[in-house]
Amino acid sequence: MVIHPPHRSLRLMLFTLRGSIVPVIWKRVLGMMLLSVAVVLLEHRLPRTGVELGAIPPTLMGLTLAIFLGFRNTIAYQRWWEARTMWGELLIVLRNLARQTLSLPADLAPQERERMVYRLIAFAHALRHHLRGTPSGDDVSRWLSPDDYAAIAGQPNPPNVLLGLIAQSYAQLHRDGRLDAILLASIDAQVTRASYVLGGCERIQNTPIPFAYILLLHRTVYVYCLLLPFCLIGSVGWVTPLMVGVLSYTFFGLDALGDQIENPFDRLPNDLPLDAMCRTIEIGLGELLGHRELPPPLLPVDGVLM
Amino acid sequence: MVIHPPHRSLRLMLFTLRGSIVPVIWKRVLGMMLLSVAVVLLEHRLPRTGVELGAIPPTLMGLTLAIFLGFRNTIAYQRWWEARTMWGELLIVLRNLARQTLSLPADLAPQERERMVYRLIAFAHALRHHLRGTPSGDDVSRWLSPDDYAAIAGQPNPPNVLLGLIAQSYAQLHRDGRLDAILLASIDAQVTRASYVLGGCERIQNTPIPFAYILLLHRTVYVYCLLLPFCLIGSVGWVTPLMVGVLSYTFFGLDALGDQIENPFDRLPNDLPLDAMCRTIEIGLGELLGHRELPPPLLPVDGVLM
Amino acid sequence: MVIHPPHRSLRLMLFTLRGSIVPVIWKRVLGMMLLSVAVVLLEHRLPRTGVELGAIPPTLMGLTLAIFLGFRNTIAYQRWWEARTMWGELLIVLRNLARQTLSLPADLAPQERERMVYRLIAFAHALRHHLRGTPSGDDVSRWLSPDDYAAIAGQPNPPNVLLGLIAQSYAQLHRDGRLDAILLASIDAQVTRASYVLGGCERIQNTPIPFAYILLLHRTVYVYCLLLPFCLIGSVGWVTPLMVGVLSYTFFGLDALGDQIENPFDRLPNDLPLDAMCRTIEIGLGELLGHRELPPPLLPVDGVLM
Amino acid sequence: MVIHPPHRSLRLMLFTLRGSIVPVIWKRVLGMMLLSVAVVLLEHRLPRTGVELGAIPPTLMGLTLAIFLGFRNTIAYQRWWEARTMWGELLIVLRNLARQTLSLPADLAPQERERMVYRLIAFAHALRHHLRGTPSGDDVSRWLSPDDYAAIAGQPNPPNVLLGLIAQSYAQLHRDGRLDAILLASIDAQVTRASYVLGGCERIQNTPIPFAYILLLHRTVYVYCLLLPFCLIGSVGWVTPLMVGVLSYTFFGLDALGDQIENPFDRLPNDLPLDAMCRTIEIGLGELLGHRELPPPLLPVDGVLM
Amino acid sequence: MVIHPPHRSLRLMLFTLRGSIVPVIWKRVLGMMLLSVAVVLLEHRLPRTGVELGAIPPTLMGLTLAIFLGFRNTIAYQRWWEARTMWGELLIVLRNLARQTLSLPADLAPQERERMVYRLIAFAHALRHHLRGTPSGDDVSRWLSPDDYAAIAGQPNPPNVLLGLIAQSYAQLHRDGRLDAILLASIDAQVTRASYVLGGCERIQNTPIPFAYILLLHRTVYVYCLLLPFCLIGSVGWVTPLMVGVLSYTFFGLDALGDQIENPFDRLPNDLPLDAMCRTIEIGLGELLGHRELPPPLLPVDGVLM
């Protein structure tokens, strides 16, 4: 996630590259501008060769593009925000489970409670690595007992198995008579919410926007930008390359932004900062455990929080 | 579901046919281009016959089309995504029920627990075949006891009957004193969620977008594309067939995509991969049963996951 | 509800009247075309009388219409879909209540269970007739005991009173010691959902889109179509009547479709098939009762399912 | 709420003032038309004074207006519909609470049950007057015992205090051993829903759309309409006043409608009919009490239901 | 939050600066107007220097801007409204918890109940200061016992820790035998809702709209406004500076409004009035405690409620 700068000077807003989509699309934009220069020169040397198309084609195509880009960015943003909301709910649910672990069961040793809370932290890390397809290293293992870790290592879906272990440990407390059935049901409701987060994140991760939409949009944007020089030269003449640059910057930019936002669990600059969120979970649960030495929040590197 | 290619080269994005809507609409687009060629030739041979209409008609019609196509694709996508969300919830609910089956009832033999979990897998397969109207073959029967299978075979709505059996088996555990009433209520809440998934999928399957919308949209797109050559020839001349090709590609494409997305349980390339999701359910529940030999995930065939 | 034809031939999509909005609006469209012919003739006989207005007025008005028609059809569709979702939930809830009636209470005679399930079917029919304002005939009475029917007949809101009877019969089972309080709470949650369906359907039925919106939209569409001939004649000449026909078809069509969809409980072709849904409920609950002779699903008449 | 006329004749739809926004905006529209007449006369007397601006300014501004009016009417309608949905839920919740009051507690005198149901009716009236800021007269007091009424009279938020009394009376039944804790929890869930309705209505009432949006929109609409005569005169000449009238009618109309819909608890014609809804609640709860003499539903006065 | 004036006179709506976005953007608008004057003078002195670009560039760019500004303001408003809804839910939840605290536990001294209700008020203040990053002063401490305050002071997330204390005090009542497990579960459900409010507000606070969208929008708006004088001068001549002023006012205004609304917890005029909402909570809970001397609601200062 790109961190918004604290002060938004005019210069920053107009010229910064950090957090901008420019690094992704500058080649395409430059290509279109060079094409425009060629068209202008051709028109200048050989006037009346008929390279002018007039404003009607881009006006008509612009309509389709408007539909498309609006539709596309809306659903991409909704995916991104739904993913963010689910990670927000994960934080909430894990805090609730920690709170319930600390207050509801009777006769439980503090170390045991701590162990159960640590397992919740491990769940967040396991989910993060599962979604990103990265090896978990010791992010997961250092919060788990060796037995627990052995049970989930190498499984196709570690957070799913870990959630099973978490649920069973609360059920065991009930069977041991240390947790009332009603309170177990309360806890179980939170575990169920965690399973919804897990399943919901997997849904977003595994189900991209139908590929045919993406293809149709990419192609329309390209054709539109390729047509622009021929359509603008008749009315704006030498300014054509500049205008083509501005217009293709916005269209390619919106298209590329949709691509980045659409898969919110990747590690591109505009994706979700799962590392930082896992750290927030560590802090929030440590706070509830009464720890006074808490790890610091993650800071952005080069303006980007991972 | 068309799998997005891992690397999106420019060439791929502009020219691939796989996952594209081109195979569905190329005839219509070609027809429009041939019509344009005829119009151009006619205009060339017999100038001033008055086949030119100018840009005003498509500009005015484009407005209606913009409303329509935006509206149509939005609701088609929402249906598709709601269907996907419900199958995602099915995975979650079945994992929860499996987890609860394994941890909550007391004094239950492992084989019996396994049998109950297998019945959940059968529910997913039965729902898939029910939605697609395909014969279930042994997809359902191999996860069920002969008695259970006999009870649902030939019924109008097998997953509905099967869910009734599932609910009754948990109620029986309660009557046998092996499941607390509160915990039965927790399980019942998940069974209720499964019934919402079943009913919700049937709702999408049985209630298409009102047909009059589809008709009105198809007709407007056709009339619009038929008008295009007459309206463009005055301003772009010989380039008319190319422009008509590009514009009719996008409009027919958006229209056809809406048709495919609208009924997400069909077996067209952009529909939901129910086969693969059922396999995911098999894996996720096998994992919770502690099985170490799990079936592999389904792989896409020709880039399409069914 | 108009049933989508199984095969969508080009000819069908372009020329069928069944399910189309054409029968509703053809008079208005024809009127506009006749007006256009008159304008064309006038212009031909008396050129330079100044009936031409140019393309600017419809371009500017089109904007408002675009806002309006998009907004209007979106909220009309949302009402239609919300109504459909609530009837889908009714099916789900009644299936759940039937399932719970069959499995949860102890020591209940099969006939008594059947009587309770039949009362659920009666609720669906009572709701249907209440929403449509039609006399219920024997649709309701044949599923009820004479006492029950006497209690609801002639009441202002029969489904509300019937739901009260249903809730009391479960409460009575609890008082008789045949139903655990927790399981009663589970059942009560489903009865509460049914009350939400009842209240939600009444809300849609009793609260149309604010009338001033409808009026403003109708008027704008009419003025727009009346202006069209004067604005198009300058650029398309003799083709004006055709163009006016096409444009007024789409605008009047979208407007009339919104009218039909907006009140989903009426008996127009594009409204919800409540008769068929009540039959589906009869089948689904009969299935759970283990009946082997089930009534057949309702079939569309002339392509329309009521 | 303006009641839709049963038959929508063409004449009614085009010329009725009842329920229309015309009475609110006719002065503004007339002013714009008079300005147009002045511009036309000026242009006729002193041609070439340069009052013509051409079509470009309104085309460009129309875009912003389109964004604005679409955005504004969508959120205004959502507020209106959310408010309507909450009052619909209030009806549902009060019917549920009445049903639960009549069936769940044991050993309760019928008069006492009736008193508790009457208190629910008083809550609806108290909420209505609280939202509208009107004195409650005897609408509230006649449904309450003198003690209850004394407790809420003069409080800043009477429905909040009344809901507290309602909740306490059910808790008292539990403490007296006449209501199982689980059933109290079921009732408490409905009381909680009522508190959500109360809080949600207050939220809509107290939080208007940010004022800067309203200001910016009003100003843009005014400037747009002021520019229209100068921009249209070049192309439509003497028809300018008519065109300006039509366009300013739609734009001022949409703007004014948004203002009315935005605050759904006011007493303007297009606001919610809270009086009638309270009466519906009286009827629905009386029906459940078994009363045979029910008050009649409120009827619209001059086509408007309050 | 800017309070809407009770009477909206025409003069007020057109010329007031209070609550308007004008103070934020007047420099930018003025700059664009000065540029326009320069362009007009240049064109007048040196005609045919080719500074005219014609209307095509802004028409094409306007499309992208329309997409962008509509998309941007919609999601900014949704964030603002979601934040408002969560604070509305906070009020509801705290009233419910107060009601439950006063009615459900048995054998609790009134002072103790009052102390528990005061802690709820402290939670609202702690959340407010946490979201705004302001020091809490005595807003929080005066509602808490010294022990409670010591436990949360200096923690990274005081409302999170305070909610833990609140949950534990109810659990303690259960362990002391003064609160039934089922009723504790009811209370716990409300505490869970409060944790959702806390987590949801943190989500909105910590996750701005992706920065690349904001950048792309700012830049497009600037380029669009910079182009305007060159594109308008050909058609409107000396009126160019006025037109540029009007258009840049609306575009810069919409852009700046989105910036303000997007972060609803800041202290800008159009942000949420958290101070006033905390006061409302104090009043609502005091009312339930039976206090007759309640603090007055906060009043707007200069038309703005903080």
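Per-chain numbering from 1; labels A, B, C, D and E assigned in written order.
In the analysis below, contacts are C-beta pairs under 8 Å (C-beta built on N, C-alpha and C of every residue); 3 or more make two chains touch, one makes a residue touch a chain.
These figures come from a predicted structure and were not determined experimentally.
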Copy-to-copy rotation for chain A and chain D - C-alpha atoms, rounded to a multiple of 5°: 145
Interchain centroid distance [CA atoms averaged], chain D/chain E, Å: 24
Rounded Å distance between chain B and chain E, as computed from the means of their C-alpha atoms: 38
Chain C: positions in contact with at least two other chains: 59, 63, 66, 70, 182, 185
Chain-level touch network, classified as line, ring, star, complete or other: ring
Going round from chain B, first to chain C: chain order: B, C, D, E, A
Residue numbers on chain E that touch chain A, as the complex places them: 50, 53-54, 56-57, 59-61, 63-64, 66-68, 70-71, 75, 155-157, 160-161, 163-164, 167-168, 171, 175, 181-182, 184-185, 188-189, 192, 195-196, 198-200, 202-203, 207-208, 210-216, 218-220, 222-223
In the complex, chain D residues that touch chain C: 1-4, 13-14, 16, 19-21, 55, 58-59, 62-63, 65-66, 69-70, 73-74, 77, 80-81, 84-85, 88-89, 91-92, 95-96, 99-100, 102-104, 106, 180, 182-183, 185-186, 190, 231-232, 235-239, 243, 246-247, 249-251, 253-254, 257, 260-261, 269-270, 283-284, 287-288, 294, 297
